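Both of the next two complexes hold chain A, though its partner changes from chain B to chain C.
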Partner chain A sequence: MIIPAKNPIIEIHDLTVAYQTKPVLWGIDFTLPKGGLIGIIGPNGAGKSTLLKTIMGLNPINSGYIKIFDTSIQKVRQRIGYVPQRESVDWDFPTTVFDVVMMGRYQYMSFFSNKTKDKAIAMHCLAKVGMDALAQRQIGQLSGGQQQRVFLARALAQEADLYFMDEPFAGVDAATEAIIFSLLQKMTKEAGKTIIVVHHDLQSVRHYFDWLVMLNMHLVAVGPTHKVFQPALLQKTYGGKLTLLHEVENLLQKKNINPREHC
Partner chain B sequence: MLETFWILLTGILVSTNCCLIGVYLLLRRMAMMGDAISHAILPGIVIAFLITGSRDPITIILGAGVLGIVTPMIIHFFHRQIKLHLDASIGINFTWLFALGIVLISCFTKKIDLDQDCVLYGEIAYIPLDLWILGTINMGPKAIYVLLFTLLLNVFFVVRYYRTLYITSFDPSFGKAIGIHTTLWSNVLMCLLSLTTVTAFESVGAILVVALLVVPAATAYLLTNRLHCMMIIAIFFGIVSTFGGYYLAFYTNGSISGAMATVSGILFFGVFLTNVLKKKLFLRHKFLSKNIKKNL
Partner chain C sequence: MLSLKKIIIFFTIENPNIGYVTLSILLLTSSAALVGTFTFLKKKSLIGDAIAHAVLPGICFAFMLTGTKHTFFLLLGAAFTGFLSLICIDAIITHSKIKEDTAIAIVLSVFFGVGTLLLTHIQHAGNPEQTGLNNFLLGKAAALLEQDVWTFGIISFLIVITIIFFFKPLFIIAFDRSFAQSIGMSITFFDFLLTLLLVLAITVGIQAVGVVLMAAMLITPAAAARFWTYKIKKMIVLSVIFSITAGLLGTTISYLYPAMPTGPWIVLVVSCIALLSFIFAPNKGIIAKKMKRDRFKKKIIVENTLKIFYHLGEKDKNFFNKRTLDHHFTQKVSPSQLKYAIQYLQRIKCIQKNITPSSSKAIDWFLTEKGKAMAVQVVRRHRLWELYLSTYLNIPSDHVHDEAESIEHILTEDMEKKLMQLLKNPTKDPHQSQIP
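Now for the complex of A and B:
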């Protein structure tokens, strides 16, 4: 089921991506709407991160094209923010929380420019994620949830219109997840930003996302969450394993059956 | 006296160059790339020597520079195209290039005055002998000018493009996403590394330049968690090693470059042990104060 978006911010046409000779994404073709929280879900190795990186122009494309804001990515880099996977960097790097957030201001600063305003923005973004007290802390001393919030603050400092986030909820505790989610919601609802999130926890999908991309090397479904997040399509995305889980769940729902007896 | 001054100045310039680039190598987990380049330039030096027959620094730098830029390319080619691990790719490529250099030296060494020991270990003590004479004015050793030029270039890139190098070292995928050409910057760094290694090689030799690239940077890494502080501290340790090494060699009548590398190693272990002791004392202090509170 592929539902086209009315006011597309991203258009992907017939996209194929391969590492060496091994294809990772096949014939991907969809549009995504402007505004709102958009989730990309799928099993491990489905190419979720690859899709995200390819849209941002970090991976070479084998066929097809991608349009962002109706043009190529190179022309709109300044309007795009990025939160990479937390594990992708060395947290023992000799730098402070504040310096990492200042990276988000790179495109706004030149060697000779006055940096007072940029510093104020970086501090403000740290305050938004509740990390301003730890600004001068070395990044290696942070907990996983705090590291994720630093990355989020850096993305905020980019002052972009469109954000790409690679598993921002991975390995953070429930409290941090709630903080991050409410922040993302504020960004989409109040500031009208578009946020595309690679996600792996199916339980929270219905609650979090307005729009959903379901992926397993090829595109399974795209559309508003309430339309596409349903058992048949999930089965198609996740294959056999989920089918089994689904059946067990159904059995358990029939109250009179004791699962042990049934076996 | 003047000789001592030139030798120390050479040492300071070499170690400052090495430390500036070494910090980035360490943080990019490419410390062994310095090792690779410093060895792989050997055939370039010998070939440049065989063609021109001169031991002029410029000739040597050109010959070595070509290999210095080609070597990381070959290493990255094997790493990316054949999916060989970076360390394996480094290990394969620098050894065969270095071996080629050794073979060339041993084959042609009778015809030309190029000493194996000098290439491998360098001889900083001979620096004051190779003077640049402009007309009738003695301008000092040639090597100083070459090293000064390298230093200027290194300082220019490290200061002017501090943020760019910092971002591409810490989080290259983010750098790419905001439009920084990360491959280009990695190549710029490799070129600076080649130039640094090649110019340093004359004074400290192909092998010991690795010590100056890695050890002071690693010592500084133990002491700070800010990038620019790490560079300043690394340079400080580099200079201390230069002085320490010179006087150690003076009193033991040994190799100056060897003594420099030894001193930098001793400094590393000194700092490491101080860190361990500090931690132990800190923990004991914590433990004691807890116990005192309990007893109260």
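Now for the complex of A and C:
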């Protein structure tokens, strides 16, 4: 079930992505609406993070194309914000909470510019996630939930219109989860932002997301959560490996063929 | 023999050549440390080693082609094979199943092998110019000349300026590559820039340190500096200070003993600095860590002793009874530990000595109000944890005691409150003992 969005903020057309020659996403084609909290769900290895990164232009595309704000990603980088997976960085890196959040202001600063305003914004964003008291703390001393909140504060400091978040709720305590969710809700409901979230926990899906992308290497369903979040589609997303697809995939890898290679 | 006069000559720089040598050392060690810090933070330490070894064939080729030992040509050759080695490593990783560490090892040894081969060939070819070329193996700072200072000065200046100007993007990329990419930074450009700086730093550095040990000049100062600070800017400054210190000391030593090559001495000094940092640095050093562990161990001993007072008091229904340090105590705590705990508890006025004159030799002790309060806290945390384990984790009540023995010392006041809330202010633990 693929429900098109009116007034889409993102359009994805016939997208195929492969690592080396191993395909990860097959023929993805859908649109996402402006405003609201959008979830991407699917089993491990379904290509959720890959999809997120590809939309942001961080992965090479094998075929198809993507439009954001009706143009290419390169032209609208200033309008997007990103929260990578918490585990993707080394938290023992010699830096402070504040300096990580200041990274979110990089696009607004130049070498000689006055940074007073940027510093104030960074502090304000830290306050929003309840971490302002820990601004000068070494990042290695933070708990998992606090690390996630630092990442969120950095994204807030980007002052973007469209946010991509890779598992912001993974491995955080209940209190942090509540803080993050209420913050995301405020951003979408009050400020009209669009937030795309890779998500793992099926229990909270119905409660959290307005719109849902169900993925398992191919697109299973896209649409308003109340329409697509239903047993039959869940079964299709999570149940049973797509044996034939996997066999073809292995064959392609073995024969070193690009899935979209034509004669 | 080592003479004071020689040292004085060295440091007063009466001999102009010494001045050049010192200045060169200063420039090349600091630029190596500067670039090395970023390589270290990007966890690419081995790449530096590969490049350092791979510049040797370049130097030899340059010499064979030009027939001179002019620094500029040699550096050009060095940079060329340095880059070539990186291209080879990348090619091996992308086009084969071989992983990065293996690829580095292969390229490093092949390039260095070729380099050694060429060097031997040159030495036997009979060109009188070749004397001193083997200094590139282990470094000879004394061979540095006035013209070298200019070359090094310019290159080091370029390195410092580039790093200062691009500090922010280099820092962001080192910490979080995909975020950097997402805000439109060109990862390819900055990776190339850092590699270029690395090759430059190495090619100038090998004159003093030699190709074999150059990696140490890149990485060791950064590794040592990491022990002292968690702020990247401080870390960079520290690693530059460390490497300059090592450079100057190493050069002094090799000046005083001319038979000694400079490189190994510089590396030895910088390694000593790293070792000292590893041992003595606050927080991260092993002594600081051991002290922290010891403090915690002492806390456990003291709290366990208090607990014994409490348990005995619970049995007698009087917590302030006088106790001799009998088998009740020695069963749980060793005599030396007990001695420490009693002294400590007396000092912080948790227990008091029985002062009534008595004929018996045994000394009696009893809890003060403060001591009882502390004992209550430990016992409460122990029993709360037992109850938590059996209620929430379904662990049978005869298995929860040992676990609680260690957790009781770690729990904080905040956690205790949460436990009380979660367990709804319980009064009995799983063994039906009162939770105080």
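Methods note: the second predicted complex is superposed on the first by the 239 of 263 C-alpha atoms of A that agree within 3 Å, B and C clash if a C-alpha of one lies under 4 Å from a C-alpha of the other, contacts with A are read in each partner's own complex, and residues count from 1 in each chain.
Criterion: a contact is a pair of C-beta atoms (placed from the backbone, for glycine too) under 8 Å apart; a residue touches a chain by one contact, two chains touch by 3 or more.
Computed from a prediction, not measured in an experiment: that's the story for all the values here.
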(message) Quick check on the superposition: with chain A as the shared anchor, is it clash or fit for chain B versus chain C?
(response) clash
(message) For A:Thr194 in the superposed arrangement: first (chain B), second (chain C), both or neither?
(response) neither
(request) For A:Thr225, decide between first (touching chain B), second (touching chain C), both and neither. (result) neither
(message) Once chain A of both complexes is superposed, is A:Thr96 in touch with chain B (first), chain C (second), both, or neither?
(response) both
(request) For A:Thr176, select first, second, both or neither according to whether it touches chain B, chain C, the two together, or no partner. (result) neither
(message) Counting clashing C-alpha atoms after the superposition, which of 110-118, 308-316 or 326-334 on chain C is the one that bumps into chain B?
(response) 110-118
(request) Check chain A for residues that touch chain B in one structure and chain C in the other, and list them. (result) 53, 56, 58, 74, 77-78, 80, 82, 84, 88-90, 93-96, 99-100, 103, 106-107, 109, 111, 138, 140, 154, 158, 164
(message) Going by the contact rule set out above, which residues of chain B touch chain A in the complex?
(response) 27, 29, 83, 160, 163-164, 166-167, 169-171, 173-174, 176-180, 221, 224-227, 229-230
(request) Show which residues of chain A lie in contact with chain B when the two form their complex. (result) 20, 53, 56, 58, 74, 77-78, 80, 82, 84, 88-90, 93-96, 99-100, 103, 106-107, 109, 111, 138, 140, 154, 158, 164
(request) Quick one: which bits of chain C touch chain A in the complex? Just the residue numbers, please. (result) 41, 43, 165, 168-169, 171-172, 174-176, 178-179, 181-184, 226, 229-232, 235
(message) Residue numbers of chain A touching chain C in their complex, please.
(response) 53, 56, 58, 74, 77-78, 80, 82, 84, 88-90, 93-96, 99-100, 103, 106-107, 109, 111, 138, 140, 154, 158, 164
